[in-house]
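Once you've had a glance at the structure underneath, I'll fire off some questions.
Letters A, B and C mark the chains as written, and numbering starts fresh at 1 in each.
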Amino acid sequence: SGIPKSVDAATTTLNGYGNGCLAGNHILSVAQFTRQQLHALFNVAYEMRQMVQRVGYYDLLKGKVMATLFYEPSTRTCSSFAAAMQRLGGSVLPIQEMMSHSSVAKGESLSDTVRTVSCYSDVIVIRHFEKGAAQTAAYVAGKPVINAGDGIGEHPTQALLDIFTIREELGTVNGLTITFVGDLKNGRTVHSLALLLCLYHHVRIRYVSPESLRMPEDVLEKIASKGIDQREYRDLAQVLSETDVLYVTRIQKERFSSQQEYEKCQQGYVITPKLLTRAKEHMIVMHPLPRVQEIATQVDQDPRAVYFRQMEYGMYVRMALLAMILGKA
Amino acid sequence: SGIPKSVDAATTTLNGYGNGCLAGNHILSVAQFTRQQLHALFNVAYEMRQMVQRVGYYDLLKGKVMATLFYEPSTRTCSSFAAAMQRLGGSVLPIQEMMSHSSVAKGESLSDTVRTVSCYSDVIVIRHFEKGAAQTAAYVAGKPVINAGDGIGEHPTQALLDIFTIREELGTVNGLTITFVGDLKNGRTVHSLALLLCLYHHVRIRYVSPESLRMPEDVLEKIASKGIDQREYRDLAQVLSETDVLYVTRIQKERFSSQQEYEKCQQGYVITPKLLTRAKEHMIVMHPLPRVQEIATQVDQDPRAVYFRQMEYGMYVRMALLAMILGKA
Amino acid sequence: SGIPKSVDAATTTLNGYGNGCLAGNHILSVAQFTRQQLHALFNVAYEMRQMVQRVGYYDLLKGKVMATLFYEPSTRTCSSFAAAMQRLGGSVLPIQEMMSHSSVAKGESLSDTVRTVSCYSDVIVIRHFEKGAAQTAAYVAGKPVINAGDGIGEHPTQALLDIFTIREELGTVNGLTITFVGDLKNGRTVHSLALLLCLYHHVRIRYVSPESLRMPEDVLEKIASKGIDQREYRDLAQVLSETDVLYVTRIQKERFSSQQEYEKCQQGYVITPKLLTRAKEHMIVMHPLPRVQEIATQVDQDPRAVYFRQMEYGMYVRMALLAMILGKA
């Protein structure tokens, strides 16, 4: 039959895990989340996953409009939010492509643009090249704002989907050893995720990076103040065997003064099948993507490689956030 | 409950204010509207506003496809139409971003492109840099065409939303004094709006601009021929206290031979809180946006500043037009 | 009444013409189609045409997400797929505009991008500048992939819509004389269509082109191996009177060493009303569009000119493909 199997499911409500705890909220920083809110969020995200896999979509956000206001391009994040909204029956109003030419060029302020966009939409997802832009947007919007990355600031939904990935793949976050490898200096993803991990029990964090790309002191201090067990390494071999979650990040060429220096440095941190023979059987390898050379493509077949599933989990987390913010979960 | 509150509302019809008076019509110029049609349009727009604020959306245009064929970018207009269509349950087929690279570059005529787009869509919203382009499109389309700005020609939906804003904010248009300030020479918005105002009773129009940016003679003559009370000023102070609607437009740097001359001229027309102390208590300040420096941001908090609500009214007017054109209201 | 007339129609199923014969399949090449599959496809496409003309849309693909991954722009193809998906109640996730700036620029492989996109979508339409790209995408996608053109490779849905156009306009493809005119060397459309015609009975193929733009030998050999009656000409006059389908293609300036040589060559193949006086009364003139100068605009009024209806047929064929691939027809 051509009748979608989800006709009933599509009009039923979620089981109330959310309890409205995020209704009407902005999502600006990982620092705003309590452990309890994370628990509620991930339960809704889990339900979203079940529903998508069983029936494909909900009609929870039918008639709602999500504007995506992107001042810099980001295929992955924008598509993930768009797919999340569409699978909940909502519409997407993309603003990014025009911003570069028209109003911004005419000198309009961020505040004015956000005020205009909030006339048309129910929720605004913003990405901007300047730290604090999402905060500014939230201040004037009159509608919930989700920070999808503000320069060297935060990208909270990335950190949330990272935690959800760990939870779904390993059952829990508590008690795990998470090892970050790569460029730990410039990655806002890594900083946000490390801070979010502090909400869990008995977590151990390990950092592996070249000296010049170390985790910044202020982040290390914040994490230390929560009593988290953290240590820095130069060599992945020293810590790989005890690692439950290997979180790999890209080392960008632009950070180095010469191609030669870049290659020398980058080579030391490439994840290969051979390297993984020394890792636990039930650990996972994560990556925020796009991946360039820092994980060999032969690793993709390894069941421990979860970075593509991580993308999919991102959609479920964003579905959950949208539904909760708009008071539907 | 997760069931949208609008399930019933979404499938009901409008109260017949429209009477099908615009069904199948193109919207090319403000000159095509009778007072009666405006009355019908604004009644439907008012209903749209009520519905959006109460339930968020209609399903009136479910299954209909609106193509947006933009030959020059316009964030605001394009987003407004897109949100309008989505809130009526319809789909948006954006054509703009590709036009610049592919078919146009290959030398395809406007007529051929419009014929193709009309194969896929039920209504076409066109923006073009040349006067008369919307007329050309309407000639070949086989589907209703809405002019969303054709160069120095018209931008009728902007004028319509301006009138609707006055009606919603001040209750009526009849008997009001409308003062246009800024660049009155180059703004097609101002010309269209002034012509539309002639359809109302006992309207007084005041123009305040530098000598070099005066309202064009041909527009002044047309308005005079309708017997409208109109006068020109160089100084806003002369007319501010009797103004009910202060319609501010942007003075573009490009119109002046030097930065110095621009600044000197522009400064005289900046709306500030101090200036507004001399205005009526129940007047309104409008602006087609984007605003640059011609209205101080401190004015935004003044209840008389309606330029952001004006954007929102635009969505309701476009919802009404789409529903009426497609025979659903 | 504002209730869409299609409420019932929208939730009914198709009459089973498809028999699930393409469910879960990739669409990569015309070579994959049997005559039986074409028959099923065109029957579903015919039903889609009836439905669109009677009620406007189906809800067959409600909740499904189609990603359009365009590595080069193509207004027509992208819009046609988007409209097809929207008229079936599905959503469109456009990826093209970001690809140029972000992930590709960062050096991500096609495989990684496709894997990510397939996390969010149910079907992927890909256009790429390299032959074989669609095959690569299909290999890693985990979701059905439709080839919307891969460089000098194939563009199978164009050939399918061409056949459907002939079928709808002339009742059958069997027994017809199809004449290709223009640049037959560089047009993948022409190569794919010629190969697809081999599936029909008693088809005669005629080629008219300048010496330098002849049909490639390998295509000629393939067609000869099917026992098809084919012949080459330099002059359209030699074959026009026996032609049932005149398939005109664009001769691109870039193929010639001088403007002069281009004009001399191109002039010989321009279709005019005068030329068509020598053609059959019930023949048809087709063109994949965009058309530049190779068909005079005065021909548009001739009932034999079907190139704009051809665009519309394309939407129905793509609707049919999407419904069948996703197991709904």
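In this section, contacts are C-beta pairs under 8 Å (C-beta built on N, C-alpha and C of every residue); 3 or more make two chains touch, one makes a residue touch a chain.
Just so we're clear, the structure is a prediction, and the values are computed from it rather than from any experiment.
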If you list every residue number at the chain A and chain B contact, are more than half found on both copies (same) or fewer than half (different)? different
Determine how many degrees of rotation, between 0 and 180 and to the nearest 5, align the Cα atoms of chain B with the equivalent atoms in chain C. 120
Chain A to chain B: how many Å between their CA centres? 39
Among the residues of chain C, pick out those that touch two or more other chains and give their numbers. 94, 97
What residues of chain A sit close enough to touch chain C in their complex? 1-4, 6, 10, 55-57, 73-76, 78-80, 82-83, 86-87, 89, 94, 96-97, 289-292, 297, 308-309, 311-312, 314-315
Given the complex, residues on chain C that touch chain A span 11-14, 58-60, 62-65, 67, 91, 93-95, 97-99, 101-103, 106-109, 111-113, 115-117, 119-122, 328-329
